[in-house]
Amino acid sequence: AKQQVQQSAQPEQAKTPEEKVDVVKIGAIFPLTGSAASTGVKLKYAVETAEEIINGEHPELDMPLAREAGLPNLGNAKVKFIFADHQANPEVAKSEAERLIQNEKVVGLIGCYHSSATKPASQVAERFRIPFVAGSSSSAALTERGLEYFTRIAPNDDMETAFFFEYLKYLNATYDAGIKTIGVAYIDNEYGVHAAQMVDKWLKDKYQGEGFEKVVDVKYPKDLSNVDTEVQKIKAAKPDAIFHASYIGDITQFVKKYKEFDVVPKAVVNYCGGFQDPQFVVNLGKDADFFSGSNATAPSLFAKMDTLNKINEIYKKKSGVDFDGPALEDFASAMVIADAINQAGTIDSQKVMEAIKSAVFEAPYFVSGKIKFGKNGQNEYSASVMVQTQNGKYEAVWPVDYQTAEPIPTFPAWKNR
Amino acid sequence: MVETKKIFSQKQVLSWMCILIAVLPLAIPNMNFHHVMIMFVIFAALGQSWNIITGFAGQTSFGHAAFFGIGAYTSSVLFWKYMVSPWVGMLLGALIAMGVAVIVSYPCFQLKGHYFAIATLAIGEIIQQIFVSWEYVEGATGISLPILPEGFLQLQFHQSKLPYFYIAYVLFVLVIVVAYGIEHSKMGYYLKAIRESQEAGEAIGINPTRYKLFAMMISSFMTAIFGSLYAQYILYIDPFMVFSLPLSMKIVLLTVLGGLGTLYGPIIGAAILIPLSEYTRILFGGTGKGIDLIIFGLLVVLVACYQPKGMIGLFGGWARKGQRTGGEKGE
Amino acid sequence: MNKVMLKVDGITMRFGNLIANEDVEFQVHEGEIVSLIGPNGAGKTTLFNCITGFYKPYAGRVIFRGKDITFLPPHQICRLGLTRTFQIVKTLKEMTVKENILTGAFLHARKRKEAEAIAEEIIELTHLTGKKDQLGANLTIADKKRLEIARALATKPLMLMLDETMAGLNQTEIKEAMELCVKLKKAGVTLVIVEHIMEAIMPISDRVIVLNSGKKIAEGAPEDVVKDEQVIKAYLGERYYAKSKKC
Amino acid sequence: MLKVKNVSAGYEHIPVLFDVSFEIQGGEVVAIVGSNGAGKTTILRTISGILKPMAGEIEFLGERIDNIPAHKIVEKGIAHVPEGRHVFGKMTILDNLLLGAYTLKSQEDIRSVLKEVYDIFPKLKDRENQKAETLSGGEQQMLAIARAMMSKPKLLLVDEMSLGLMPLLVDKVLSILKAISERGVTVLLVEQKVQEALEIADRGYVLQTGRVIAEGTGKALLASERVKRAYLGM
Amino acid sequence: MILQIIVSGILMGFVYSLVAVGLTLTWGVLDIINFAHGEFLMMGMYSAFWMYSLFGMDPLLSIPFAMGIVFVMGYFTYRLIIKKVINAPGLTALLATFGLSLLLRNLAQFIWSPNYRFINQSIVMDKKIVLGSITLGVPQMVAAISSIVMTMAVFYFVEKTKTGRAIQATALDKNTAKLMGIHTEKIYALTFGISGACVGIAGALTATFFPIHPESGALYSLLAFVIVALGGFGNIKGALYSAIIIGITEALGGFLFGTQFKYALVFLIYLIVIQIKPKGLFGW
């Protein structure tokens, strides 16, 4: 017990590098119960997929750590992800982070999907000097805190917003879509509010000058029973494009009501959230068509990306669905942290962090093919493509290099579908 | 147990409880356990505070998270924007919470029973919405507190959780002392009289509004203190976390679980509920199938069914076992 | 005659269309025992409620020791020295008998010790010694009524208004209650009593006021009131009349 | 008709009745008298099944009833007018009466009892649709008795019905009980007003701290010194 | 457009009343706070979803099934849980039903996964009636009409039938009700069952236009609490009327003051009304 006291009194003290390890433990904190559980559980499957690839022998996969069992540079030590549930509660995220570090002795952390949970959890990691690689948490604020032990894979909402405007410009230029006015519909929480702030920021900084104009701003409460009023407001303002920062439950209702009230914008672009969940297409069937959003992947890309396709098969066996963006991003976070440990050849957290910060990680599952973190910890290679639902499938429509189908630039009227 | 009740006074039992709580973290030097202990002490104190207005005075509040959140936000905003010591923020937060309590609860005191309870729920939700929409306090985004070097003045400790624990503990003991003082003074009797029958109370010279208001003020003041402490401990707050209905309900439920209207109740309740929820989550939370909460929910149901008067009922119940049961016919 | 303690001046009280008290007027002098009788539903309890501040009368005024108390809240009226009991007893159920009384005693006690002393004294006086640690909820009706009086007495009232506190007592206990009333009177407490048990109140009352359908129909010495035609017809019934004549 | 044999009963394991036995013949009016807290109410609650006896047996018309639930006992023909009236205040008088007839199956029956009850209590008929809580105490007492009559009981248990009634009404209600018993209903009466109760009762039992200490005809008990001293204050 | 919003609000109000009527029976009439009420609704939705995914059954056809399932749930909730806590002081029933709500919610996650489900085949699906500038969704219309029918049926049942009277009597005074020959245990269980049946129907009806999810009952039950209080506890018609008021407040208030405030406005309306009528709009 005495030793333990010392240890807990000096959390920053690193483990001796010569220590022989059989199992490398990494903590993974996700919302596994509560209203985001549907996503959280998928993220868990994604991380389990990564674990399987790392620990098993997968010569068919052309990527680091796949061919050999375990981490070759650590004597083929196995990787074990230890899952914890933060219940969408920052307090729990914090205490789980502490517990994983203290009791489970994890050498790295990934998670937490909710930016509000990632914030305190990554602070804990910082305090203990344990690397934290966030997958899908998208709040730009995360990488603005100057943390040394924090990195993030997903493009943040800042980058996403610019990406959306560029896409709209592309539609205007190439297809003469004539999109000028935009509306923003977003959930009243950190995710939605932050996204909406980014829209305002980019409009002011750049895109207003290029002819875009915001005509309506609909902020709706976190728990929601119906969206009639919200949709009426949007309908009245008649925006050409609607930016949505919504979860799967709300976006489904919005689409239903767009149909009921015959709202026909030219384009609807979605921040990484509900739209990207394959359940969107399952639930809405044909009504799901023609919506678009940024996504780290799309099933239609699988044909083009062999490795991704094979990874997806493993994932699909577990989860029953195809990879979606957030799941792939959290898969990537698991791969990256394991890769970094392997490259460092040790579980010494400082060395691992150095590896994370300096290496360029191979990521054949991303369209960008690579992951590299900038000074602030943000992945410099945006892995996003613009996807659009067409005939019940997510097609990659932009940038042109990754196109699996041409974008359909304007929404057809509901009755003409 | 009835016997022991006679041998030990309430004061002694409480003192023993407090001593036990104080030494437990020293005996088990595990950081996660310390976290559980901190949460336990904070929630026991919250339950104790809530108990004053609901257990003693009989006015069911489902909106105590409002005061908790006000405490958390006041100290956090002051600290984060103006670098005001959290201790000052704590006091100010408590005073503001008290002010808000007076303003919002005064008109509600004319309401009886469930109508009052729903009113407090409504107030809690409205206050949450105000904070969600209030840009000055960062709205829905929440506030991450700056991390400073360790120190009592800035209420931050990074090496060990024990300082947090003992600060929470001292405040917790203070809350017990206050609650004990109230229960054994004129005010305690008056509050209980109001709970039992407001009219009877009025007839013997009790001004119900005034005493309910006092109770609410004390209760909200203490609740806010722990809100500040909580924010300082987690170092991050957002409105969904500190103003949430589930938080209000947690305070209610743990007190009911332990025994409503008694000083032991919140302590026993928190001692059961907090570790139970933490450890079921730790053991089963990683499965992603909700098994932890299935088990937790089931245990709560069982406790409620078999100890309907709160766990405190256990202590009264032992002595009576073995007698032939009579009493109200069940069927 | 002693000073006027309570003056009820033209009290009228309505519930919707129902007139429960109509222009009721009477006075109570210091040190008196006044009984208020009348049929069920005559408005006696309602009148109590108007006097003690629980209802705001529709019209009329209540003067207590020269002070207009018509619109004062009950707790202030109690502080002035006018305390009442409830016909439908309002026992503080989850508190013991002693705690019930202690609560009343706190009105005039700064310290807990003082309050305890008052409470002990009242417990003696009301013969509740054996039950002082029982919970209010577990008492029989009669004990609850006794407790109701005890709690009121603990506020050290100058005037006490009792609403059917003897209902449910047997003859022996009624005797005790009567003695208590007389004792209180001697101690200088003015009493207003509502009761349906004639045997109990007739002997101890200085004056009787009769209410019927909200109106005062008679007032006077007990022996006069029982002979009143109207009172017999509306309230006492022939049997009582016959019985009382027999004695 | 009713046999109570060595019954003990109480609340939350604390007995208040000890080994109580008595009998009632069909058509009688029997009074149980005794001071406060003697356990009179407890006896009635035990007979009607609200309370479960801790020991002993209760037989009604040759059948054991101490182990069947209250609502079944009503079906067997025992109606209980509880202490303190307990009318359903928020409901109308008619609804209260219909609830009294809850155990009757045929509409025909209900209609005929209702008529009969209205005959005895004409005042209730006039106020059929008034909420019971707006009745004065005496009227509520009548309603409580009428409601009990609605189940066509063979045995009527009446608890402390004189409580809070004005003298005129006490007389009236007692004579109504007498009338009811003349219609063939057996009545078990629990009363504080010893004199009045024993006057109309055929037989009486005196209960003291949970035990039967005397029994006899109403007249005999009234004449007994013991009763006089203890309960009549003479 | 204002008109459209008001109409939408009214339709929504009817949906709420479906949920609130069940609650007013247990909370208002029997004075038991059933915290798991929202979870009963969720179970009703999943019952419909289950029938749909197993047999492709139209949710409207699975109404009787959902009703039955949740009736049974309500019935056994009483028999197994509430019965044990009903005589306990104050808030114990709240504690028990809170545990139950957690249990059900996570059981649903365990059985049906936490995915957001949607039923997209029903004869009413996507149908709408357009009257000038006003659009009425047929699913909501069906829900609204069923809601009126159901509220009236429950009202009639409680006020006019023998069993209904027994429910009232049991609620007012349990022991005296026993003396009337009422099997109060059965009445309690039945009332819980009926309350469950109401939300069961509500669940099947709302399943035609709302996503189904383990958490989907939570918000409804919160609103139902306010509606029941606003209408006056135990008042069935009051629940209907106040549900409509809440529906309109939410829609119109959200439109005028910002949709993020719509529930806050609902709570505010309650606070204002209750100052004027401390026992709810139609309370005793």
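Order of writing sets the chain letters: A, B, C, D and E. Residues in each chain are counted from 1.
Here, contacts are C-beta pairs under 8 Å (C-beta built on N, C-alpha and C of every residue); 3 or more make two chains touch, one makes a residue touch a chain.
Values in this document were obtained by computation on a predicted structure and should not be read as measured data.
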item	value
Contact-graph distance - origin chain C, target chain E	2
Chain separated most widely from chain D, comparing mean CA positions	A
Gap in Å, rounded to a whole number, between the CA centres of chain C and chain A	76
Rounded Å distance between chain C and chain D, as computed from the means of their C-alpha atoms	29
Centre-to-centre distance between chain D and chain B (centres being mean Cα positions), rounded to whole Å	49
Euclidean distance of C-alpha centroids - chain B vs chain C, Å	43
Touching two or more other chains - residues of chain E	106, 109, 114, 214, 260-261, 263
Two or more partner chains touched - positions in chain A	33, 37, 40-41, 188, 221
Interfacial residue positions of chain D with respect to chain C in the complex	11, 34-37, 41, 83-84, 134-139, 160, 163-172, 192, 194-195, 230-233
Residue ranges of chain C in contact with chain D within the complex	18, 37-42, 87, 138, 140-143, 164, 167-175, 196, 198, 234-237, 239-240
Chain B-facing residues of chain C, complex	52-54, 73-76, 78-79, 83-86, 90-95, 99, 102-104, 106-107, 109, 112, 115, 136, 151-152, 154-155
Residues of chain E that touch chain A when the two form their complex	1, 4-5, 8-9, 12, 15, 106, 109, 113-118, 120, 126, 128, 135, 137, 209-211, 213-216, 218-220, 223, 250-252, 254-255, 258-263
Touching residues (chain side chain D, partner chain E) in the complex	48-50, 69-71, 74-75, 79-80, 82, 86, 88-91, 95, 98-100, 102-103, 147-148, 151
